[in-house]
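Note that the chains are named A, B, C and D in the order they appear, and that numbering of residues resets to 1 at the start of each chain.
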Amino acid sequence: MEAFLHQIFSGLAAGGIYASVALALVMIYTATHHINFAQGEMAMFATFIGWALIEWGGLNFWVAFLLTIVIAFCGGFAIERIVLRPLHDKPVLSIIIAFIGLLVIFNALAGWIFGFTIKAFPSPFPTSPPFGNRFLNWHEIGTVGITVVVLLLLFAFFRLTPLGLAMRAAAFNPESARLVGIRVGLMLALGWGLAAAIGSVAGMLVAHVVYLDPNMMAGILLYGFASALLGGIDNPGGAVVGGFIVGVAENVLGAYVIGTELKLSVALVLIIGVLLVKPAGLFGRRIVTRV
Amino acid sequence: MAKLLDVKGLRAGYGQTEVLHGLTFELEQGGITTILGANGAGKTTTLRAICGMVRVAGDIVFAGQAIAGKATEDIVRLGVAHVPDGRGTFVQLTTEENVRLGAYVRSDKGQVAADLDRVYHYFPRLKERRMQQAGTLSGGEQQMLAISRALMLSPKLLLLDEPSFGLAPLIVQEIYRILRDINTKEKVSMLLVEQNANIALGIADHAYLLETGNIVMSGTSDVIKNDETIRKSYLGY
Amino acid sequence: MTTSEATAPAAPVAKKGPNAIGITIFVLLLFALPLLLPVVLPLLGGIITLKPNFMIFQLTLVIIYAIAILGLNIVTGYNGQFSLGHGAFYAIGAYTAAILMDKLDCPYWLTIPISGVVCLVVGFLFGLPALRLQGHYLALATFALALAVPQLLKYNHIEWLTGGVQGIVIIKPDPPFGIKAINADQWLYYLALVVACIMFWLAINLIRGRLGRAMIAIRDHPIAAEVMGINLTVVKSMAFGISAAYTGVAGALGAIAIAFVAPDSFTIFLSISFLVGLVIGGLASISGAIYGGIFIQFIPNVADAISKAAPWAIYGLFLIAAVYVMPTGAAGLIKQWQAKRRAAKQ
Amino acid sequence: MKGVKYLSSAVALAAAALVIAPAWAQKKYDTGATDTEIVFGHTGPYSGPASAYGTIGKAIQAYVNKINDEGGVNGRKLKMISYDDGYSPPKIVEQVRRLVEQDEVLFLFNTLGTPTNTAIHKYVNAKKVPHLFVATGATKWGDPKRFPWTMGWQPNYQTEGKIYAAYILENKPNAKIGILYQNDDYGKDYLKGFKDGLGSAGQKLIVKELSYEVTDPTIDSQIIELKGSGADTFFNITTPKFAAQAIRKAGDIEWKPLHFLNNVSASVGSVLTPAGLDKSVGIITAIYAKDPTDPQWANDQAYKDWSAWMDKYYPDGDKKDTFNVFGYNVSYTLVAMLKQAGDNLTRENIMKQAASLKNLNVPMLLPGINVNTSPTDFYPIEQEQLAKFNGKVFELFGKVYGE
């Protein structure tokens, strides 16, 4: 029983990681209607910047944390303007190839600049076990907490602010958005900036757990992708719940049902099964249009 | 009366194809002008050209400012609202979100709230469906939504692209009644594009006839209405 | 071959004549290449210092990749279904060939059609449920397939068959009938070339035929296609199965050419490479597959030659530059250029 | 290049005909070797998911530069041609064929990876190209009967697994063993050696055996499961990232088994420090080379030389990265072998010399561990010594295993 509980909690902790990455994917999807395959590598690179600020620059964790978010935002913004802007009227698959290009570029640059040995990324949370609890540590609780905060911010941003509304409108229907005066190009760039910023938060939380190296996000991105689709790619809350479901399901399947060798394959098959029944994800909204 | 819109030698097109071959027309402050023409004459393109949605050459002066070649967003900011062909509904957003988006560029928040009430007053049906996903609205409701969205800009000029298209006659009448109201009460000038010449000439004070990218006739509505050729080819009596 | 586009069902058939001649010359040239190279390369001396045999081997790989990309093109280019998982079918084709040769002593040439059929069935069966998904969801499903297949190949309980992580070493075939005039590399080249000619010919007919028109209709106007009485699920699954069969045939040829299969040969990057080759070669273009094959075979080498420090960074720049310069792929660019030249002539 | 080759063979021919001096006659070259140059080939993953190993190729190049600065080997400069294989079997086949058929290298050196080397194994032996000191710990590279042109270098994983097994049988015969391994050739080789070493006792002793995939984000779940199995001994067959995760997680959930960590991840600086030195106390590993991040070597002359070389020839390189020691050591072995080959630079003689290294002392190997080969022994390094981490350094203890 104790081992089972332990697996559940460990799954929740991993789910927090997937959820934070899924949020970045939801952000970019909501703002641009693309899924950025380079999101993980961009987050990894931002985390390296954070690491360098702390280790090489000697900055305090929170200062470096905030500075990294700002840098990531600017970086994401710049990438949209420089790399993707010229492609905005090109076929979707061309844009996907550009994403793949970005992915390999960031991966290679990180290896080149920072090396491949793993790096410990500090955690801002205390190391002592909380409330004498053996199942979770402060970092895991903190990860979930920050993820929930990001989720609430995202939700509020998209649902309650005019800018959030404008961003969604620009992604849904760029032409109509222009007709109400929304600067669509700017919205896309802002979306990239925000997604990169959220990605950097995810990266910095993840790095403490899995250690920082250029391939850190390769596996995690897939889980984040699956979580986001499972929960509903246009629904931040759903993506977070999706993350927890994937984390727990993966652990329980691996430990008790099918063993570790095939757990990823089986988990993916299950997710696809769910999507066949609920095509917009567990919590996604089906878009109905009268013609 | 002063000219609100003054267009000279307007050429526009898509890619290699030129659709408009040098249009010259004008619109008076507070007036309603209509552009009539058959399918493919270039009516929609004319409106899109004014809004900067297609490549243009020639002069377009709006309220004393040259706007040819400007970005759509900037033209909108000057007070030009466009009810586009196909209504341009944000189908995934709610009705109210759609309406609110119309006021995106405005900074006078207090006035925006008042305008929202006014728009709902014109179209009480939309108020009933405020929280409904806009894609589920009927065609007529979506047309009302598009007009509401445009009104929320508090525009000087309203461009209307076939508001009667695909709607039942009763709904068309209702929409035109409201448009006339808006024109008289709020002094919003309108440039109306219609295939249904009958109804357009009923509301407009000036009219232009467009044929394959050229203006072939112009004048006050009364003059046009009584023209022999127009009567035969466009009014059907 | 460059002008034999079949992008739209309405493409005029009138210009078939000159094309047929062009294609014939192109194909004949390809067949003569192994004989020409040893003569031509020394003449070029300083310019191209490639050795004929090695170059023939590289060209064999190009042909194999072109077949795989053509397969992906059938489903993605002509049917509009996104697949990130065609590496899986390449792997299945390769393993089918390797297992048949290793366990059953099956002659190598027979393994090629068998691999195609196996992949056809697997692709069709995978497509039936999965193709109800669209866009990003289909991407996830196919991505999962690409990820799962190498893991399954390693699976403990079928290790006796697949060789587990160690893979299977197979014997490279010699030219048949004891022909001494050509060596093993040249023979493999001819084998791949003949298979490719058949596959390309079949693809052109497929696209111009009933199924091809249905596929394109589904891509462009799914609702209209359904109203016209096209069974979406079946046509999409058929397209996916045929596409998988192409990739499987390429996989079998690849296994024979490399003489080795292992799970590490078929990582997710193989699938991504196919997609890269498809887009950069040219979507919905038969000849695009060839350019795509050339790109994924040679550009990584170029990147490696430019920088050892971070070859992937260079490769990434190539990818982005390629979609900038030719958003419709190499085939699209060439078509534009030809159109311009034709316009200039008139 | 071609010109030089013809010229030199013409000279050699003339010399042989005239029988002027035996020294002249002894100069024998195969393709890739001349009076001034020795050209050899290498492939490694500079790109792709395994690019962490790419540094080995760069270290070898750095070592080659050092040797050339010092005048080369027997007056000949070394020229290394290195290509990216992306850890992909099809790609390495292409690249190795390019090296052999087009660049006409004298031999192949330190090609990396088990699946990749397997893909070219037959080809190089059919072509009779020396395939030396391959960078993989699999066992199959030491099979001179079937593959006389291929030779490994590092101690193989199975041997290392056997060492741990022997230690357990000797010191903890009632151990309850939990194993975590990477689900690939590397993990399975270790596992096999370990199980072979335990012999029939293995069935009883091993209580849990779990794997992970390189794409798994974490292995927390596996560690929890191992703890839950009641294991009191842990054989940790993981690469650095997962090794650090395992050590930390075991510490976090207060699982304190007798912990055996495979050599692959036995680095104080790049594994134990990130994992937490306090949580690493008591870890046992088998080592054969000096860990550059282990403070016990800080004043060792060999370490200082290595460090100076890194500064001068590979300033971009990461000094915490044990692969850079690997590259240095294997290059040292290569140069020693080439010196021994003298002016007889035929492929046959290269292979012969590689198979007759006697007690070669490589500075960055542990004291007492030497390189030895013979025509029947194609395993250059077979010795390893156990070491236990005391919170600061790996303390060597016990005998040196292997002959």
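In the analysis below, a contact is a pair of C-beta atoms (placed from the backbone, for glycine too) under 8 Å apart; a residue touches a chain by one contact, two chains touch by 3 or more.
What you see is a predicted model, and the numbers here were worked out from it, not measured in a lab.
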item: Pair of chains joined by more contacts [C-beta pairs], C-D or A-B; value: C-D
item: Length of the line joining the C-alpha centres of chain A and chain B, rounded to whole Å; value: 43
item: Distance from the mean Cα position of chain D to that of chain B, given in whole angstrom; value: 75
item: Centroid spacing, where centroids are CA-atom means, of chain A and chain D in whole angstrom; value: 37
item: Shared-contact residues (touching 2 or more other chains) in chain D; value: 47, 49, 51, 54, 183, 213, 215
item: Sites on chain A at which at least two other chains make contact; value: 104, 107-108, 111, 222, 261, 264
item: Interface hub residues of chain B, defined as touching at least two other chains; value: none
item: Interchain contacts (touch definition) - all pairs; value: A-B, A-C, A-D, C-D
item: Residues of chain A touching chain B in the complex; value: 162, 165-166, 168-169, 172-173, 175-184, 285, 287-290
item: Sites on chain D touched by chain A in the complex; value: 47, 49, 51-52, 54-55, 183, 210-218, 220-222, 224-225, 227-228, 240-241, 244-245, 252-254, 269-271, 273-274, 317-318, 320-321
item: Chain A-facing residues of chain B, complex; value: 51, 53, 71-73, 76-77, 81-82, 84, 88-93, 97, 100-102, 104-105, 133, 135-139, 149, 153
item: Chain A contact footprint on chain C (complex, rising order); value: 76, 82, 129-130, 132-134, 136-137, 139-141, 143-144, 147-148, 151-152, 154-156, 272, 275-276, 278-280, 283, 309-313, 315-320, 322-324, 327-328
item: Chain D contact footprint on chain A (complex, rising order); value: 2-3, 6-7, 10-11, 13-14, 17-18, 104, 107-108, 111, 115-120, 134, 137, 206, 209-211, 213-215, 218-220, 222-223, 250-251, 254-255, 259-261, 264
